[in-house]
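Data block below; observations after.
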Amino acid sequence: MEDRELKQDDLKVESVGEPKIPSPLAVGSLGGDVEMASVRENRTVLFDTDRDTLLAAVRAGNEVPAFEMAGPRHKIFFDPARVKAAIVTCGGLCPGINNVIRTLVFELYYRYSVRSVLGIRYGYRGFIPKYGYEPIPLTPEDVKDIHEKGGSALSSSRGEQDSGEVVDFLQRKGISLLFAIGGDGTLRGALEIQREVKKRGLHIAVIGIPKTIDNDIAFVERTFGLETAFSVAAESIRSAHTEAIGAPNGIGIVKVMGRMSGYIAANAALALNEVNFCLIPEVPFELEGSFGLFALTEQRLRQRDHAVIIVAEGAGQEFVEDKTGKKDESGNVLLGDIGVFLKANLKKYFKEHTDLYVNIKYIDPSYMVRSVAANAHDAIYCIQLAQNAVHAGMAGKTGLIIGQWNGQFTHVPIALATSRRKVLSPEDPLWLSVLEATGQPVKIG
Amino acid sequence: MEDRELKQDDLKVESVGEPKIPSPLAVGSLGGDVEMASVRENRTVLFDTDRDTLLAAVRAGNEVPAFEMAGPRHKIFFDPARVKAAIVTCGGLCPGINNVIRTLVFELYYRYSVRSVLGIRYGYRGFIPKYGYEPIPLTPEDVKDIHEKGGSALSSSRGEQDSGEVVDFLQRKGISLLFAIGGDGTLRGALEIQREVKKRGLHIAVIGIPKTIDNDIAFVERTFGLETAFSVAAESIRSAHTEAIGAPNGIGIVKVMGRMSGYIAANAALALNEVNFCLIPEVPFELEGSFGLFALTEQRLRQRDHAVIIVAEGAGQEFVEDKTGKKDESGNVLLGDIGVFLKANLKKYFKEHTDLYVNIKYIDPSYMVRSVAANAHDAIYCIQLAQNAVHAGMAGKTGLIIGQWNGQFTHVPIALATSRRKVLSPEDPLWLSVLEATGQPVKIG
Amino acid sequence: MEDRELKQDDLKVESVGEPKIPSPLAVGSLGGDVEMASVRENRTVLFDTDRDTLLAAVRAGNEVPAFEMAGPRHKIFFDPARVKAAIVTCGGLCPGINNVIRTLVFELYYRYSVRSVLGIRYGYRGFIPKYGYEPIPLTPEDVKDIHEKGGSALSSSRGEQDSGEVVDFLQRKGISLLFAIGGDGTLRGALEIQREVKKRGLHIAVIGIPKTIDNDIAFVERTFGLETAFSVAAESIRSAHTEAIGAPNGIGIVKVMGRMSGYIAANAALALNEVNFCLIPEVPFELEGSFGLFALTEQRLRQRDHAVIIVAEGAGQEFVEDKTGKKDESGNVLLGDIGVFLKANLKKYFKEHTDLYVNIKYIDPSYMVRSVAANAHDAIYCIQLAQNAVHAGMAGKTGLIIGQWNGQFTHVPIALATSRRKVLSPEDPLWLSVLEATGQPVKIG
Amino acid sequence: MEDRELKQDDLKVESVGEPKIPSPLAVGSLGGDVEMASVRENRTVLFDTDRDTLLAAVRAGNEVPAFEMAGPRHKIFFDPARVKAAIVTCGGLCPGINNVIRTLVFELYYRYSVRSVLGIRYGYRGFIPKYGYEPIPLTPEDVKDIHEKGGSALSSSRGEQDSGEVVDFLQRKGISLLFAIGGDGTLRGALEIQREVKKRGLHIAVIGIPKTIDNDIAFVERTFGLETAFSVAAESIRSAHTEAIGAPNGIGIVKVMGRMSGYIAANAALALNEVNFCLIPEVPFELEGSFGLFALTEQRLRQRDHAVIIVAEGAGQEFVEDKTGKKDESGNVLLGDIGVFLKANLKKYFKEHTDLYVNIKYIDPSYMVRSVAANAHDAIYCIQLAQNAVHAGMAGKTGLIIGQWNGQFTHVPIALATSRRKVLSPEDPLWLSVLEATGQPVKIG
């Protein structure tokens, strides 16, 4: 993702006040003097890692944007003995939510000796009195086993709530550290909350942990849950392939999540490399014509007797979109079902235009993909995100999310992260790998 | 399954001729003298195992029906040096098909020294010249790794073919041992073939290995693939449950296979005991009324905030059936989609009749359930079925399938096995276990 | 397992008193009239299912032994409103313990409205004051998630405790229903407890649920956990095979549990059919000589470049046994390590007697096999065992375990079940399947 | 990993000649004009990504070292119609070897139309006539299913062979592209081969794909198989934890691979965050004393009744090392068994110094960890490594491995990669995460 106009100012992180309290980590909550060299207070992570680009910028006297590196700080802002924290999980399920919750609680409790953590039930609704959800206290004992489960131990809901009411709640309960786990909408909500906090002149830090199975948060290399998601989606590809080769002229179609970004589809197509066509929102395709999907599928069947297609839910929306613009509770435009459409129209094509009787098997593993427990990769990533979120929060930083860039954990201002959606560029090496591994043409149609 | 009118004659197994050749197993292909005690040439398996019932029958001078026990015989009919075998797989995929194929080949090759085995491609179509599928020779080297994969290494197809043409093929190729792996339709086809063979006075044995993920073959306790199927289906229940508890008033619905028999649904409901309502074809239910599914689901939500429903595809067909009676290629009536129906109508019910805004997540794992490789349980069962199929075939028995009864492997005449469909009796201890484990009422509605 | 001298009297089940209270199940705790036909109060399960054997016995006027069938009864002995139950888990871990605990609690609570259930901590020690373990109350809320985990939610310990002290505890706490989950030693302990109860003239029912990963409880077809165990063990065979084919002259050795019974080894050898030699305690083998294990392994390497061996821990003990007769806490003789022995001695053999440089990879998956959560098969089986245990206990039956015979759930007197150990007969069809599937000689050596 | 003395010259990649042939990828083997923007011929990947460090270097006029970015090139050196490639796999098994082999073959065949690829059997031995292993031709059909399996489809062996003999083989067979998949020893071997090639003035490119489950290749962020390895190792931690909480004073010990690097142990400890002490080669620890492992374990047991320890095989070697300096076939010093040592000595400690009777369960999952098939993460990584290896080789680059740095694929000279071993720095954020997540002191002892 290139963004030539990125300014260093966009990467600047806000703070609720100056950290003056020595961190318990620095003075040895781990039973000795932590190697504070690893804390890297002033380390940064360059946005662009190409040498020539860098040198050119330096020579031209231009800014060289870099993210603030995440990690524990020598001094913290909040007094552990007095601070109260709250955790909220919003939006759709995603593998790893419970791992994040668990580590937030463990890190606050064991590393910073914070004794008061509240779990907010059912997303932002849990802040709003009219819904009647009581927050629940969270101790290590309460959360010690939740990492083995999918879903959210706090439950979730879609949709934002009035930021004024949320801040009322925070004030009423004396909360000064809010961790919001959620996607684009949730983070926008968190930003509103942070702005309201600021307007009221409160010392409340708002830290986001980006959660989107679609991996579509800008300025963040990857979001937790993605790895688990494409691992499970890959199982569906195996099924689709098995079905496709098991019947005469078999076609297996798998639809996966990915409203605007094709990361799950692209990764799954590599993870189980039995896919012939991978269709994602970022790369338009045609159905008709000699190089359209129908003709290419026919050609594949004539050569190899079977074909496997994976399609992201947001791909090819021009063929299925509902012009009425209906939206779901999170404010997302309702998508037409490209998977069901492809199944019906491939069948129609072969019946009307060819002599091939095709066997189409359509698999939609969506809920199974997102409701499982985090795999080992995501389990680790979630621990690291949550540890860094606690470090940032305790240090008094606010209005940021924990991201990753060039393999390093970073602080990314929420305003920047929500300023656009990340998509998979057709020039990304990942997409080129998909093209090479599937053999599908650069342009279908 | 009680069947008071079962006659011993119905259980009688046919044969293509008298076995006169000493079995290689008996004379030591295993490097020594096999414990032929285990062969149990004349052992039987009683149909009914209740003592009082049996004693009453004996005292009344009635027949006490029993199956012939399967297993190796001291003498065989076919000369291993000359016999040619063929294997065909028909109908939908089912976990374990490849395990059966592999063991058939291994057992014929290594234990009986049969050197010529043909794999018929794409089901019964592979016998019919017009389709142009050439059979492929099968050696242990060819099949040694296939047990780790789902699907069928021979591919499959639906529908019967003319039994005359099939027998023409068998004669043309000099095949005298046919193993047909398939469900009810396939077995009817095998019976036709066996009858045609008999009419022509040929010495060709036809042995069926019942394959139906629905477990609906009569006089057979269980069919291979069922265990794998409900194991995978249980994962979907976990997802449905996780989704249901993850959102306000969450309802998870899982639809599994089971056209006329609810075995997958019932077993899955026990295997992951988070189900509140299990709906199967054998037990009618109502939607409306104070004790109907809608009201019970509402009651559950009000008490526990979430609900999980598993439904077999053949359940509640009166609500969705297509009156036109359309059939698929196997001659099965096309079913209406009860899963989609329930999703839509539960949503409608809650919107129109209650103040609850429900979050319904619908999961249809069907192809993922049937296309996976056999689990350990089915892997063992498939080996045993295939070993016994080879024993039966080499001994010259014909027109039978390998079944299991009271935990023992049996010979079941195809005519008997296809005379009706097995269903899950509401009086079966399995169903009572489901009622106890779900807490659902005996009668919904 | 044949046992010609079995008397019907051995199968007779004891009772603490006459059941007079109508069962809540019979009068509709499931929201309607349960199909009591399925309860089968007087149904039995014949010990032997061979027709000729049966008819001969009848004609000779001999007894025809049969087990009492398990299941709910129309009348129960204990008053649900007053009864207190206790659950204890003893011995080594086994997949499914938590499933049994959970269903015991659910069934008692929801189906019989029993409100008081105690969990005894750390096995029989939990009854003995000096250890200081307090029992914990168990409600459905406490146990609702434990079935997803391996181990025992109550923890376990080895060794028996004084039955007098145990009964003191039961009296002190007012417990009249004791469920003991454990193996041979535990069941002997339970029998002692039941006898002490009887001696004191108390109305306390003692119900055992046999738990042994080795499947070595007599008169019980299979014990829970076995299926999960051999499924996991099969994974080790895959590893051993992969390693064996990955290096020149590779030999993979897997050691599995099975002190006196080879069920895990035999089933695993079928479940992943890549095993060349399966060694179990019931079938002696030689190492030396032209037909000994060493020579056969060499022959296999020369033919196929690799070999896979699975060995039960109790096999070949004559080669490794410790003559001192040391025992573990459960009173089991300490076994020598046949796996480590085979690894060392195969290496020595090839070095000293051949020109082959072998690569031996030894895998001991024991704890991984027994500590995992129950798979779908065992999850179902555990539910059924526990439901039937509750039915038996509430009906006032005592001194029995819930078993399975000919596929039906049965009541088996503990005295009978502990009168001998079950072993895998070399004439059992399962062992013949192993011989056929591995190709190993009937006699090694 | 900081390395202040790294020179740009160390990062310079060699080449067998100037690429002059237009790449088939550039001219459309993918059915259109590939987005060559993604090829980034001249892109680099900065070694260090901290802005201040870089700006300081630039201002001081120092070098700013950067890796050459991997990827397809516009022009290639070898003529696809004439080039012959060979693939060899050496050393111990590692998840993903087959995925690399498969993609090498696929990429050469389908993307570059290279028709001749040889698989070398049993590692470097396969080049040496005296071993008598014939190379096998590899086509897509041969390798299409191998990615679903662990191990190496070509088999492997340890130890180097004479580079002169290897180059003789390459010349004899007309091979000009050699792909060597292996660890440190293998890569040193490859470097020898490349030097011999150069000495003889041949146009043979030698490309390495680093394979080490220990992740200990310098200048490469991660090696394939690591993710799968710690995922599987994490399962052992679950078992160890379950066993530990299942018995009085339970201690679970897991030993994992990692001779000099603790990556598997550290990652596994995070992936299943139930570990109390993670012991790695890079961080010394003491056994005795108030802050030694024994005392800390005792303290843990007294507080929580159970403890879980994970230890890398190379940790604490001072306690167990064999002073004789024996080596294995790959020339690695034979390690003492720290896992078995800890088990025995913890037992001894508790027996001799405390009143606690401990239950220690020791798990060594090593072969199971390394012999499984690649998980989804590694499957993707292997595809990308292999694609880039083919791109580099076809472009005539040589003496390099495909690495990854800051998330980008890179070319790393073998001489540099084998100049040292990568270890996990105690200052690495990963290790700090482990300390925070386990709560173990920075210094044990």
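All chains are identified by letter, namely A, B, C and D, in their written order; residue positions are counted from 1 within each chain.
In the analysis below, contacts are C-beta pairs under 8 Å (C-beta built on N, C-alpha and C of every residue); 3 or more make two chains touch, one makes a residue touch a chain.
Since the structure is predicted, the reported quantities are computational estimates derived from the model, not experimental observations.
Using only the C-alpha atoms, find the rotation that maps chain C onto chain D and quote its angle between 0 and 180 degrees, to the nearest 5.
Answer in degrees: 180, to the nearest 5.
Can we say the copies chain A and chain D touch using the same residue numbers, with more than half in common, or are the two sides different?
Same, since most residue numbers here occur in both copies.
From the C-alpha centre of chain A to that of chain C, how far is it in Å?
Distance between chain centres, rounded to whole Å: 45 Å.
When the centre of a chain is set as the mean of its C-alpha atoms, what distance in Å lies between chain A and chain D?
Each chain reduced to its C-alpha mean, chain A and chain D end up 28 Å apart.
So which bits of chain A are touching at least two other chains?
149
Taking the touch rule as given, give the residues of chain A at its contact with chain B in the complex, in rising order.
So the residues of chain A in touch with chain B come to 93, 122, 125, 149-152, 155-157, 235-236, 238-240, 242-243, 245-248, 361-365, 367-368, 371-372.
In their shared complex, at which residues does chain D touch chain A?
Spelled out, the residues of chain D in touch with chain A are 25, 30-35, 37-38, 42-46, 49-52, 54-55, 58, 64, 66, 71-72, 102-103, 106-107, 110-111, 147, 221, 227, 230-231, 234, 267-268, 270-273, 291, 375-377, 379-380, 383-384, 387, 406-409, 426-429, 431-433, 435-437, 439-443.
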